[in-house]
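The data blocks that follow each hold one structure.
Below, chain A partners chain B and then partners chain C, in two separate complexes.
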Partner chain A sequence: MNSLLRRFLMVEWSGILAAIILGSALLAWLSPAFLTEFNIYVMLRSFCVALLVGFAQMVTLAVGQMNISVGALGGLVAVLAGGMMEKLGVPMILAIPAAIAIGALCGLLNGVLTERTGINGFIITLATASAFTGINLGITQSIPFYNMPPGLVAFGSDRFFAFPYLMIAPIIATILLGLFLSRTVPGRHLLAVGGNPHAAELSGISRGRITILAHTLSGTLAACAAILAVAQLGSAQPTIGSDWLLLSFAAPIIGGAALTGGHVSVLGTTLAVILIALIENGMVLAKVDPYWVQFVLGALILAAVWLNRWRAVKTGTD
Partner chain B sequence: MQLSIEGVSKAFPGVQALDKVSFELRPGEIQALMGENGAGKSTLIKIITGLYRPDDGRVMIDGQEMSFQSPRDAIAAGIGAVHQERNLIPRFSVGENILLERLPTRNGLLDKDAIHNEARRYLDLLDRGIDTHTEVRSLSVAQMQIVEIAKALSLETKCLLMDEPTASITEHETEALFTLLKRLRDEGASIVFVSHKLEEVFAIADRVTVLRDGKNAALGEPMSTMTRQNLISLMVGREEHIVNKPQRSVDTGVVLEARGLQTSFGHRDISFSLKRGEILGLYGLVGAGRSELARAIVGAAPITGGEVLVNGKTADIRNVHQALNQFRIGYISEDRKNEGLILTHTIRENIAVTIWRRLAGALGLIRPSAELDAVMPYVERLEIRTPSVEQKVGNLSGGNQQKVSVAKWLAANVEILIIDEPTVGIDIKTKAYLHELIHEIAAGGTSVLLISSDMPEMVALADRILVMHDMRLVGEVANDRRYETVSNAIMNRIHAVEEERSTATAG
Partner chain C sequence: MVLAREEFMKLLCDAIRGLAASSILAGLATFGVVGLAQASDNKIALIPGGPHPYFAPWEQAAADAKKDFGIAAVDFKVPQEWKLNLQTELVESLAAQGYTAFGIFPGDAVGINSTMTELKDSSIPSAALAGCAQDPTDAAFCLGTDVYNSAYLGTKELIKAMGGKGAIVHLAGLLVDPNTTLRVKAVETAVGETNGEVTLLQTVADTDAQEAADQKINALLAAQKDEIGGMIATGYIPSVVASKSLRTLGDKRIKFIGIDDDPIVLEAIKDGFVAGTMAQNPYGQGYIGAYVLDLLAGGGCTIKEDATWIETPQTKRFIDSGTLVINADNLTTYKDDLKKVTTDIQSSFKDKYLTCK
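Take a look at the complex of A and B:
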């Protein structure tokens, strides 16, 4: 029994999984509304954007960088997509790829600036975050684009029993990202650079190119999250992304990512987002003031990091 | 002050740094502490100054046994030191750095005038050119060293330990320092002076203690009875367990050639050639510029002049990626923790990092089984001791870590391998194993450029030995595996250059 528990503890996402199971059981017991089909649908739907946001930060953490501009970049992509579709009449099939490409370009810009100037990526993305938000507000004057194509809105709200169609995107992203990091050369190189940039460079890996790749990927994922958010809301709000920053760090870190780089967990991040969705849902069901959700999220990050540290020390995997 | 060290031992994981070492310092003398790199001089200094605690043995001051828990205790007991590493705070002023432990205050606030006046007094003993208001980070390396020395002097201790204080300062400043040290000695201070430079030791020391492989090779011998030759042989010693490989003369084509290389580190006129299957040694003291040269060759640092030829063709190597994939050159860094390995990653990942590109198959995916197949032979061949290749490298012993960083480059299957200090901090058994392996690698046709400060290692492995000193190649020594002749030839070469230079500047 003891060794079974120990084995379980060795798995880094064990704590989160335990929390999810306990939390679900508790909510199911306390609230009859919890296990209804509609409530599960609502939870899963809120999970979709959050997961991609978490992944967007996770890839920069993997290479040992940070992307403070995830939210600002997402907001910009959302209004550009909305503007293209509503004001310019660009068909959805072109507008969405174009908007995602713009997100990738913004990420590329972050990467190239970080690499060429040698300035810390934290500062660069802090600056570009402000710039992206500025463009966003300049275009929209804070007024959302409400006329979104019906197909997109349907994709964002339709469901198959409790399963929202929106969830197809994060499922594909999870699989691709998992494969990318564990089985492809650039994915491995990304983690190697994050693990020890000097050693990676002396092993023949181009640190600069890999850093740029990570930022570009981060931009692309944030852009995908933005499109999902537009679909989910049914309108392109300029405020999309404004509350992503904390979440973007919370998910990968609770999921076991090393802030120093080189180690992230796709599965851990996914479970962390499920846990966050569960907590938010539980607070709604318990009619807790939504403002307190922020507080709980902060406390949760601290608890998760502390738990992980305790686990690492206990199992000797530190 | 009478300082005696009796039978002190200190072990670090994988190395016995000091093995029952004794040392005795009298009032009013300057004693030199000598030995090769890694002989244990710095460890001894750190024990005396309370940075390390000995595993065994006693430190006595004026007949009383001391047990220092921290450098503060040592300072309180009257021991001041200039360490090899810089201990200055870059953004503090020169004055604040000198008086850091006891900054004068007035009404609870720092007394700036007192700080600078006080600091000035000590600084003036050495160099009037440094302003005490300057931030330390804007000083030159030599000036920082002067500040470091002034800081130790300001403690006004009865005992002063100086670990290579002259390594980076000018001739002129060295003279000022020596005059000052002699005056302090005549006033009754006890001074320990660590230096690699024989001339300096003969110029200033009264007695000498020599360490070799963490043991006493000489204990407080008067300098008057010493010649430079027997000092060198005391340091270098006789090597008992040399791998008895016959001398080889490699007579194959040249694979790597340097012609008049210059680098931004200050290398000038570096020319040499490395033949197929040859082990070419590159010997020099710490700071001679060997690792920097290696970095420049593999593209990790810029070459500013001259050219590198690989297999007879000019090779413009701009980064390690190119060195590895286009020219098949690998570099095993001396600093395996910071530059060789990714400690938080597994053995499998650390070895495969150089070959993922080759392993990627359909859709660019790496098959885990293919990766394992590529890695396992090296884990077995190098006898890397681990329960699983999924073990994090950070959890391995130093010897096994070094095997992983070698395995990575063997897996990469390079033609030219630059190996930098392969056995630093590694136990004797693994060391012998790695030596055997390097012979094997060369016998298999890989050309090896071996950088080492370990003379026995050099003599056991290299076919020819290049001698580097102060960013230049100053000679080439054929290796007939006779330890004493080869090591004397090398050391004489280095000291001859030093001498030529000092007579040139004097004249």
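Take a look at the complex of A and C:
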């Protein structure tokens, strides 16, 4: 039994999983509504966009880069998708792939600028974030596109018992990303460049191409998150993505990603997003005083990170 | 799709025609061939705190005020983000470009005061529109929604819709906004007046971002929908999100009073998911604001110190721009009602609040 527990604790995300189990048990005890079908649906639904946002940042962290434009890019893709469908009458089946392609192009732009100029990706994406937001506001003048196709809106709100259909997309993305990072050559190259760029280059891996690939992937994932947000909200709001930045870093880092690159965890990031969704849901259920919500949220996230750190030190996997 | 292209081409042609016409006129004016008669040569800027759909009617208000009052320019200028420094930089840049008066929504009620003082020192009048600057301020006046009264009346309306008893939830906006505190107090006061018949179950705040609001409001409904008899939203975003959530839930038992007239809220009123919404008068704020600023900037009028101002916790010079409840009965006519309110305030403003030569 002891060895089973020890083996469990050796896993890097076991601390987060323990926090999720403890938190869920506490919330179920505090509020009977926590385990209702509708509440589980609400949590899973809020988890969908957040997970893709976390992944969008995670892939740039994998190569030791950052994408500050994750939210701005998402906002731009959301309004472009909305604009195409409402103003130009483009069918959903064409508008969505087109919008995701635009997201990938924006990511490609981030990658190419970072690589060709030699300027740190942080600065490049900081600048492009401003540009993407500017285009967003220039197009919408802060007025949302309201008339989204009923099929898209239904996809964002319909469910099978507690399972939101919206969740199909992040499940597919998680599996594909997991396979990409663990089983494909470019995926392994991504982590190799992040872990030791010099050694990777000596092994014949093109650092530039891999950096561009990471940013393009990041743009694609942020664009997918934006489409899900449009479906979830039922309208293409120019504010989509405005509060993604903090979450985009929190999820992969709580999940075990190294800020210096070379190590990320798809499962860890997924569990971190579940934990954040759980804490946010718990704040409302526990009727925390609105003036103290931010403090409690920060304190609980710190506690979860500390729990995982304590586990790592105790098991010698630090 | 065809229609959209035709519209686009038409707009493009209109724009080219307009550009050509204005170029010709500008050329003629330069050579003194024609002189465009203006009642006033003031240039007025209407500046919101940042991009937000609430302020969209200011653009039309600016265009109408320019035309109706013969003002040289009334322009709607939006700071890139909701940040005080971006707003003040925009104001300073426009002042340097020759703008002679400013109608400003103070995103930061205290922080904007130093800029308003700078403007006053340069003999440029400014007014707080849609929200007030905190006294002591050099804003000439504040024309906006009496947020306390609006939240109070909204809660009363909600209590009426609930049959005078039950538990309510308040969906509030940004906690850093001093108006949120006023709204929280107003809801508590209205609930307190029911002698325990209505209770305030919870206040959910910081719901001013779409995605955060969606998560919080749905979590609230998931946890307590059977206990909740009614909800009141005092922020634009939670009002929209709650309307959509109640529609998704298919719940017409929970009574809901929102704020502002976003199409999603109006549609939900039409379909019976929302009992009503508290209309504000953003168009009137921009239109009347531009009119009065023109009078002040021309130097012909000054503020009447002993006028019958409304005193609020923020300022001693407040004018209510009008609040009314939109419900199923006046859904199609409320815009006319607001227009009448605007006309009434504008036509009596000079006599009530100004001293003119």
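General observations
Quick note on the criterion: the second predicted complex is superposed on the first by the 285 of 318 C-alpha atoms of A that agree within 3 Å, B and C clash if a C-alpha of one lies under 4 Å from a C-alpha of the other, contacts with A are read in each partner's own complex, and residues count from 1 in each chain.
Rule of thumb we're sticking to: contacts are C-beta pairs under 8 Å (C-beta built on N, C-alpha and C of every residue); 3 or more make two chains touch, one makes a residue touch a chain.
Remember, predicted model here, so these are calculated numbers, not experimental data.
For the composite obtained by overlaying on chain A, chain B and chain C can both be accommodated side by side without a clash. When both complexes are overlaid on chain A, the residue A:L80 reaches neither chain B nor chain C. By the touch criterion defined above, A:L191 reaches chain B but does not reach chain C. Contacts of A:A95 after superposition: neither chain B nor chain C is touched.
Residue contacts after overlaying the shared chain place A:Q237 against chain C, while chain B stays out of touching range. In the superposed pair of complexes, A:V70 makes contact with neither chain B nor chain C.
With both complexes placed on chain A, chain A has more residues touched by C than by the other of chain B and chain C. Once the two complexes are laid over each other on the shared chain, residue contacts for A:L278 go to neither chain B nor chain C. Legend: residue contacts after superposition of the two complexes on their common chain; A:A173 is shown touching neither chain B nor chain C. The gap separating chain B from chain C in the superposed three-chain model is 32 Å, by closest C-alpha atoms. Contact residues on chain A toward chain C in their complex (touch as defined above): 31, 33-34, 36, 38-39, 41-43, 45-46, 49, 87-90, 130, 133-134, 137, 141-144, 146, 157, 229, 232-235, 237-240, 242-243, 277, 280-281, 284-285, 287, 290-291, 293-294. Considering their complex, residues 179, 183-185, 188-189, 191-192, 195-196, 198-206, 258, 262-263, 317 of chain A touch chain B. Within the complex, the chain B residues that touch chain A are 298, 300, 319-321, 323-325, 331, 333, 338-345, 349, 353-354, 356-357, 360, 364-366, 368, 392, 408, 412. Contact residues of chain C toward chain A in the complex are 1, 3-4, 51-53, 55-56, 59, 78, 80-81, 172, 175, 202-206, 209-212, 214-216, 218-225, 237, 241, 244, 248, 263-264.
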